[in-house]
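Multiple structures are listed underneath, in structure tokens.
Shared between the two complexes below is subunit A, which pairs with subunit B and subunit C, respectively.
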Partner chain A sequence: MKSLSKRKSRLPLVALLLIFAATLTAKAQGARIQLSNLDHLAARASETVDVNIDERLVQIAWRALSSNDVDEAKVKKIVSGLKGIYVKSFEFENPGEFTPADVELVRSQLRGPAWSRLVNVTSKKDGSVEVYMMLVGDQISGLAVLSVEDKELTVVNIIGPVDLEKLSKLEGQFGVPELGIESKPKTKN
Partner chain B sequence: MAAALALSLVFAFVPRVHANTDDFGSVVKMIEQFYHVKHQGIPLLARAGMKTATTIARIKGGTAKRIAEAGSIKLAIFEDQEFNSTGRFGKFRSAVNAALDETWMPFVQTLSAKDEVQTYIFLRNAGEKFDVLVITIERREATVVQVTLSPKNLALLMQDPNGMGRAVTEDATTTDPE
Partner chain C sequence: MNEEYLWDKSGKPDPQVQQLEEILGALRYQPRPLEIPRELVVARRRSYIPILMIAATVALALLAAGLWLRMQSQKTSPSSVVETKSTVAPGGIREDVPTPVVANDETLNQRPKKVSVRINHRNSSRNPLTASVSRVKKPREAGLKPNERQEAVIAKEQLMMALRLASEKLNLAQRRTQLSSPANLIRNQHKVG
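Entry: the complex of A and B
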């Protein structure tokens, strides 16, 4: 009887712990932007690529790659701590097949207070490349790249602690396209 | 009230039970119905010919070694038949996703409207290993391949998601030269 009442008294604590765990998970996923609202473009695009590497898959890669193999160790270091890599890319035959409103579907999500656009970033690619970073406290919790060309629209969303250096190392791997991103040297005021 | 909340939260975090359905068969059947085509199953060729090892070797720059788990390969080939996908990509994509249960994670989906080539790669936990399902639809042919890979080999292939489907399918449909 006593143990039953003890167990009963622990239930609210268990519930609180579970709520706390759920909140942590939600925070980690906070940097995930909604890309499915671009799916309608696939009907007009000549090439579409959609890559989804969630936390489970990142963990598989991290656990499976060897720290003793030089190449694998490099990749292991890059994916360490990441919680997801999501890429959506569309190529079109002609300019004007996607509209500013389509781009706005992504950009509007990056106007939240947690997101900051990095202004000291350029790209070797044509068109515009915007890089956004989500900070929680002083920790980077995610990054988004919006690359817009006349006939191409690419969105890359990486969840977890990722800076520009890590992003450049991810280019060409795990579905992240070559973005040609470079940091502009900081100018002194 | 707290107990009910705790219970509902516990259930929300319990992993879903692996559905024991033949998703490979469901996908093949769905393709047959969607495009009005018929597949040719080639189990012996598949068992003898899986060479995903060469793909891994290419990535690693080393010598070839087999990686696909013996007997794990399922292969269905559709040859010289009409796969008219014009204006139906979205519908087909929805049908593929609907044919698979939620244990399959969509990994890569690529679509080339000009060449009418669609590739879908799904992954699923298989104990300590992973099932990989690759569906490739072209204008006149299609393949559905399911293999089981070790986490290590999956991790190596995962580095090139766009090439993964092509590599697995090519290797599964090629016999060893030895």
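Entry: the complex of A and C
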């Protein structure tokens, strides 16, 4: 009888844990932006880059990355734990091939409360670059980059715990800039 | 009829019985050795040894032929690897896949490039892309299944390109942020929603 009452008292705790886990999973999945609505631009683009790497492919690619190669080892560390990487980039011959409505289809998804805009640089001449992040607690669960130029539209969506410190270590190697989020100040040579 | 005589030849014999005995006595059993007629040919026991020898010879010949063919194919395989790396030759087709290179400072400032992998159709029994890629990449992806290997190579290339593009755009954001005023930077780093 006593054990039964103990079990009953644990039930809400288990339920809460399950709800918490489900929320975390949903948050991780929520970092995925729908990019398929940009597919129609591919017909007009002179160059299209379409990368769709889901969790399974990330794991396969992770296994294919060499730990002996210095550069690949760095990438391997960053890729570890990622749930997906999605990129759509269109380059056009002439300006005006895509409309602000096309950009808005992506931007509207990043206006949700889960996303934080980290950087937004707009220029009439050079277009705009926006960097968004999704945070779950202290951990980053998603990254989105939206770059709009006259003849180019690029959207990058990385899902999963992007380690900014590891990402910042790629600076100079992959051109990953310091975004001012790093805990320790870095001195440049 | 004296039944004793019929039973054990004791008592007075019956003349009719005696007569019958005399008539049938010519046919009674005469012990003599068995005579086998000469014309009768007894079949000899069948031997499987020659058949086995023939079978073994055929098997050895097949084994030798197989080994020879394998040696021949091993001799020709290095040239096929070279072909997969070379430029397009007659009979080959091109397929665009993203560049597999790790980006460096020089490549970062360039647009994402595409590299062509030639598919050799000479070995038509297998998937040509799998064949060509696996030969080149086999040592690195040793832990992967053959069907996963091709997928892994493409995924890795795409991954590298995606990261390169992501870092390129982040770099662009940083450069533009640095060009902007500090006040502008602070203004732009706020939570939306």
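Everything below uses one rule, namely that the second predicted complex is superposed on the first by the 117 of 189 C-alpha atoms of A that agree within 3 Å, B and C clash if a C-alpha of one lies under 4 Å from a C-alpha of the other, contacts with A are read in each partner's own complex, and residues count from 1 in each chain.
What we mean here is this: a contact is a pair of C-beta atoms (placed from the backbone, for glycine too) under 8 Å apart; a residue touches a chain by one contact, two chains touch by 3 or more.
Note that the structure is predicted; figures quoted are calculated from it, not measured.
In the superposed model, A:Ala42 makes contact with subunit B only, not with subunit C.
Of the two partner chains, subunit C is the only one touched by A:Val145; subunit B is not. When the two structures are aligned on the shared chain, A:Ile53 is found in touch with subunit B and with subunit C. In the superposed pair of complexes, A:Val131 makes contact with subunit C only, with no contact to subunit B. More residues of subunit A are in touch with C than with the other of subunit B and subunit C. Of the two partner chains placed around the shared chain by superposition, subunit B is the only one that A:Glu93 touches, whereas subunit C remains out of contact.
Note: residues 47, 49, 51-53, 57, 60-61, 63-65, 71, 75, 173-175 of subunit A belong to the subunit B contact set and to the subunit C contact set alike, using the contact criterion stated above. On the subunit A side of its complex with subunit B, the touching residues are 8, 11-12, 14-15, 18-19, 21-22, 39, 42-43, 45-54, 56-57, 60-61, 63-65, 71, 75, 93, 173-175. Chain contact summary for the complex, subunit A toward subunit C: residues 47, 49, 51-53, 57-58, 60-61, 63-66, 69, 71-72, 75, 78-79, 85-87, 89, 91, 110-121, 123, 126, 129-132, 143, 145, 147, 154, 156, 158, 170, 172-179.
Across the complex, subunit C meets subunit A through its residues 98, 102-105, 108-109, 111-112, 137, 140-141, 143-144, 148, 151-153, 155-156, 158-177, 180, 188-193.
Subunit B makes touch with subunit A in their complex at residues 2-3, 5-6, 9-10, 12-13, 60, 87, 89-90, 93, 105-114, 123, 130, 150-152, 154-156, 158-162.
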